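Next up: the structures, one after another.
You will see chain A twice below: alongside chain B first, and alongside chain C after that.
Showing the complex of A and B:
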């Protein structure tokens, strides 16, 4: 050791095989070349195998007709595969957009219930969390579909409570709004209403900051918006009317907003499953808020609602945001399990196409790409948001 | 309470009453909640018990118990499964015994007290599994499984005793003996004219895939974790790309890849069974999550440890192997158990690509002529759920116990 240092001391540099700079570059070149070689090797195998099996290696097949029907949509079998993939993405989004708010609310309630000072409520929440967290989501989905959705009455005997809803084991529907005359103008009025309520909100906040009189900004803002909505609705001559769903000869539903049974099954199952994870995050975050905060709130004689609303939850949610987003992403990824009960989201659509002898490697690449794009976009947006929301310490 | 002092009557409350007042009836809405949830609990418990003992038709489980346990494993080869289970029981017993003995020896050397766990502790820790085994055995129509399981317990206890009393010199190689026994367990199943992986099924396959998946994913995950923490930019980017790619897609996409596309990526003419291909897919998937867990462990090791190693003149890889990794991996154990649990639950996804695992068995049983159209999914699915629940719940409690024991996450 000592001898080596002595000999290199004169030149100022060690021999190249011990020179850190050279070694670092060599290691990186090795890693890079290795990775590229692996990818090239796999790619060559892929093209060789596909050509040998007479499977196309390009993406031309996307223009071929899909040749399948999709329950509950007006998709025609003659439409190209690219269209059905887009429909699948839309259906995945339909699950996420509705499911994420629902599971957040349910999970938060259960998470708070786990810390309730009522022993029974606490135990009930614990039973819920410990039961659902420890069984596979796929099982929850299949069970919900079999035990809840498939046990509903058939389309012929569909239940229609108050002529507002249609409940059957194939289709479900809720009342929806249908656009009439001036509907575009009305939407514009609603937009102005939102802007006005934001202005009112800011005005009330400023007023509060300046004078200290209670701001009631939420009530004021809502009132402004409702005012715009009602005045606009009647002055424009009722631009929207309520459309009630109706069952036509026990086969199809007309009017309202309708969806298929599997959609509700997946939504319900994944919401109650993911809520158990969210509940644990909420509980952990609340417990992570320093105990002195709760004690301070109690010392100020805040009610338990005020303590949660104004002191504990705002701090807890900052802690909870990163793991919560992770759960939202998990929810979206888990919607792929719809494949087991036949809801036409992107994974099922791709699976069907593979079953129809369309090239699997390309289709799976598209599938992965779609999920990846979604995950990366969400992570990117959330990272930006998170940086703004985090408490500034030090 | 104030009223009691006013009237100067000292009412002696029993602790139970006081507890109820504090925890159930502290104010009017708590009392209301108590009533609502009390009714809910009573009703739920009653319905559940009535269903379990009177309503549910367990015949479908009784008739298909073997199918649930081992899938379509050839019935005249079942002796192989028992043989391998005996070897596994022996290996686990030996490992438990040997590690208890070495922990006791280490404690003695350090002059610390050592509390050996008693049978009661084991029952407390593993009661769900004991319960499940009892339930499974009462479903059996013959006494063979009961006798065999008792035999396995006996072998496990004997092996533990042997492990406790191994001479210290041999004890160091206990892991090697265990490894050989585990390889023997696999050999008993599929070598010497045995059953290939594709013939396995049921709970047996589920457990095998979970264990194999974690064991295979660990080295790869460790590599990616080190890559992500590397000071070489290219290595770091490659690792990050892999990890984020895998974490961004659902497992089912990788399973589809394993089932339908993996063979296209391998040299022409490669023979790889479908279960083996799916294990590869699971390994690639789990490795990314393992990498993130290990990265967490690496970050938890204070920087001073690395610097101390460098100050001693150790080369970088030795600092990693002798100083950082032992501390990091210890901290990672609870997270790895968590990974094991989620992989255990995720094996249910294999039903989609046609593997005979528990959910598949449930639908096979329901399509048998004598059970077809009776809607007995309501019986088989809760049964499968119970199996998953017992496994996950026990392991998650073990994970929490380890976390406390190792002092992970304490500030």
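Showing the complex of A and C:
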């Protein structure tokens, strides 16, 4: 004991092998180096084995022609693999961009219904949530496809309500605008119209803040925009015309805006499925708003709509947003299940390419990258919103 | 979901295979002077050591690879899995079937999950090249066709402008379809499905006008169409054949001993039919044709010796294959022949001596 003398005694710092600060950094560096080394080792092994089996390890295959047509698009077989992957990404985005707002609205309504004072409404919402939440999404998709989409009339007997819509199990179409002369100019006019309505909105708000006269800013803003839209439309000589969808020979649709049955099936299935999760989040968030807030709103004699709209929901959504992001991401990832019913989103086109003799490891890597991109985009957008909604405490 | 998981497992297995020792060496086997002696490495040795053959098959094409009422795999391709097991392990029941979708099959082979792929897989140049596999002797010469509803008014492909066509994704038929319609100047919309089980309801519900696949598969699904959907007569296969689809077993590149073993198993079934040997008479053969005796691994010549061609297979492998599984004719007639619901006539899938394409190299 007496022989060993602690040389660091008095300096206040232990030797580096016992210095917690040094050890922490060293452990992190080691873990980092180890991970990178493992990845490199696995990657090298994979490359070696693929080379030994004569399977290409580069990304040159992206330039080869895809050789297939794609449902619901004018993709040509001579276009390269990279194009079909972009098309797949576009189709996945088409599901997310339309689906996320829809499922948010539906989920919120059901979440509120779960807390309704009306026994029937409350129980119906509970049954909805408890049923759908406990079914795998793949099943919901296949069921929706079989029970809703495939049961629609055949293309040959397509229903065309008012000659405006086409409903069949193959294609569905709605009327759409076709661009004519001056359509670009008209879009610019609409843009100016939006700017003008924002200016009007701000002016009404300031006026209200200053004088207290009712602002009616929504009515004013809309009126401004509509004015621009109507005046522009006629002064530019009708730049857009209505295009009605028309069934040709019971086989294809011309005109209008059309989509394929599987798209609607996936969209519908995943919206109702994810909405059941969102409903639970909304219900939980509403219940997490302090009870005093509701009581205060009641004390002010606000109607139940006003109480929800101005007091409870704004606070509930602040709580709900982080878990909501998860559901939005789940929705985006679950779109990969469309592969079961043939909607050409990113997973389907990638697996299709793998089946057609294109290398699997590279394609799976691209697929993972694509989903990462989607997830990061969704989180980024919602986080921006989250920051805006957060309580400012300064 | 399951499909994605399986693929993930396959990719992980590939990585795992790479980790376990020097993977590059595992995939290449000594091919020189491999004659006669028992293999010490490569797929052949692995199968013998495991005492079971991992065979990648289809489970949804009746007649070729499907699950029968008793829950067993049955079909033309399944019989070839059994034949390989009989040749290599001496017992046709030592097969572990792995049901694969069209898209999973090559990854499963590349990752070593299966030893041989016998899943109505078409031999094409790019598959031979880019999938790291080797195609062996064709067991079934098929061609692509188009099936439509009998009441659709479609009598040929030329009637199919602007139609929607159901097709399985990741198949040669998908590529042929695009080429054939482009060549005919016809536009169409494909509706691609991951598996035939998912495709069938879409065709039944008229979501597509036509269903394209190998004619044998179409015949299988047509034969199985239940009376509630109108029975087989409600569906018509158009007369056109618009591609060559040679179907056969596939093994991984770079293991010629294993490839030879599978190849000669197929040849044995063809050769047996040519010799007039079948499961009933092969074990009791008492003739003195030296070619047959060599083929059966019995002593012949003077002095009598057993011929070992050095394939690595047991010398009596042909007896095992024929007695346990049957010759080509038996396999064909049992699964897809005229007396089965598929009712396919031999056509080009007949012996060369009768004007068909089946031709086994001499066994000497």
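Everything that follows uses one rule, which is that the second predicted complex is superposed on the first by the 365 of 394 C-alpha atoms of A that agree within 3 Å, B and C clash if a C-alpha of one lies under 4 Å from a C-alpha of the other, contacts with A are read in each partner's own complex, and residues count from 1 in each chain.
By definition in this document, contacts are C-beta pairs under 8 Å (C-beta built on N, C-alpha and C of every residue); 3 or more make two chains touch, one makes a residue touch a chain.
Just so you know, these numbers come straight off a predicted model, no measurement behind them.
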{"item": "Partner chain in contact with A:94 - chain B first, chain C second, else both or neither", "value": "neither"}
{"item": "Touching partner for A:136 - first (chain B), second (chain C), both, neither", "value": "both"}
{"item": "First (chain B), second (chain C), both or neither touched by A:321", "value": "neither"}
{"item": "Partner chain(s) touched by A:200 [first = chain B, second = chain C, both, neither]", "value": "neither"}
{"item": "Which superposed partner A:371 touches (first chain B, second chain C, both, neither)", "value": "first"}
{"item": "Touching partner for A:121 - first (chain B), second (chain C), both, neither", "value": "first"}
{"item": "Touched partner set for A:361, first chain B, second chain C, both or neither", "value": "both"}
{"item": "Partner chain(s) touched by A:68 [first = chain B, second = chain C, both, neither]", "value": "second"}
{"item": "Overlap of chain C and chain B interfaces on chain A (superposed complexes)", "value": "42, 45-46, 48-50, 52-53, 136, 138, 142, 146, 336-337, 339-340, 347, 351, 354, 360-361, 364"}
{"item": "Parts of chain B lying in touch with chain A, wherever the complex brings them together", "value": "23-24, 26, 30, 33-34, 37-38, 40-41, 231-235, 238, 244-245, 247-253, 256-257, 260-261, 263-268, 341, 345-346, 348-349, 351-352, 359, 375, 377-378, 381-382, 384-385, 388-389, 392-393, 396"}
{"item": "Contact set on chain C toward chain A in their complex", "value": "1, 3-4, 7, 11, 14-15, 17-19, 23-24, 27-28, 102-103, 106-107, 110, 124, 126-127, 129-132, 161-164, 169-171, 174-175, 177-179, 181-182, 188-194, 198-199, 201-202, 205-209, 252-254"}
{"item": "Of chain A, residues touching chain C in the complex", "value": "41-42, 45-46, 48-56, 61, 67-72, 77, 136, 138, 142, 146, 149-151, 154-156, 169-170, 248-249, 251-252, 260-262, 336-337, 339-342, 344, 347-348, 351-361, 364"}
{"item": "List of chain A residues in touch with chain B within their complex", "value": "24, 27-28, 31-32, 35, 42, 45-46, 48-50, 52-53, 116-121, 123-124, 130-131, 133-139, 142-143, 146-147, 333-334, 336-337, 339-340, 347, 350-351, 354, 360-361, 364, 367-368, 371-372, 374-376"}
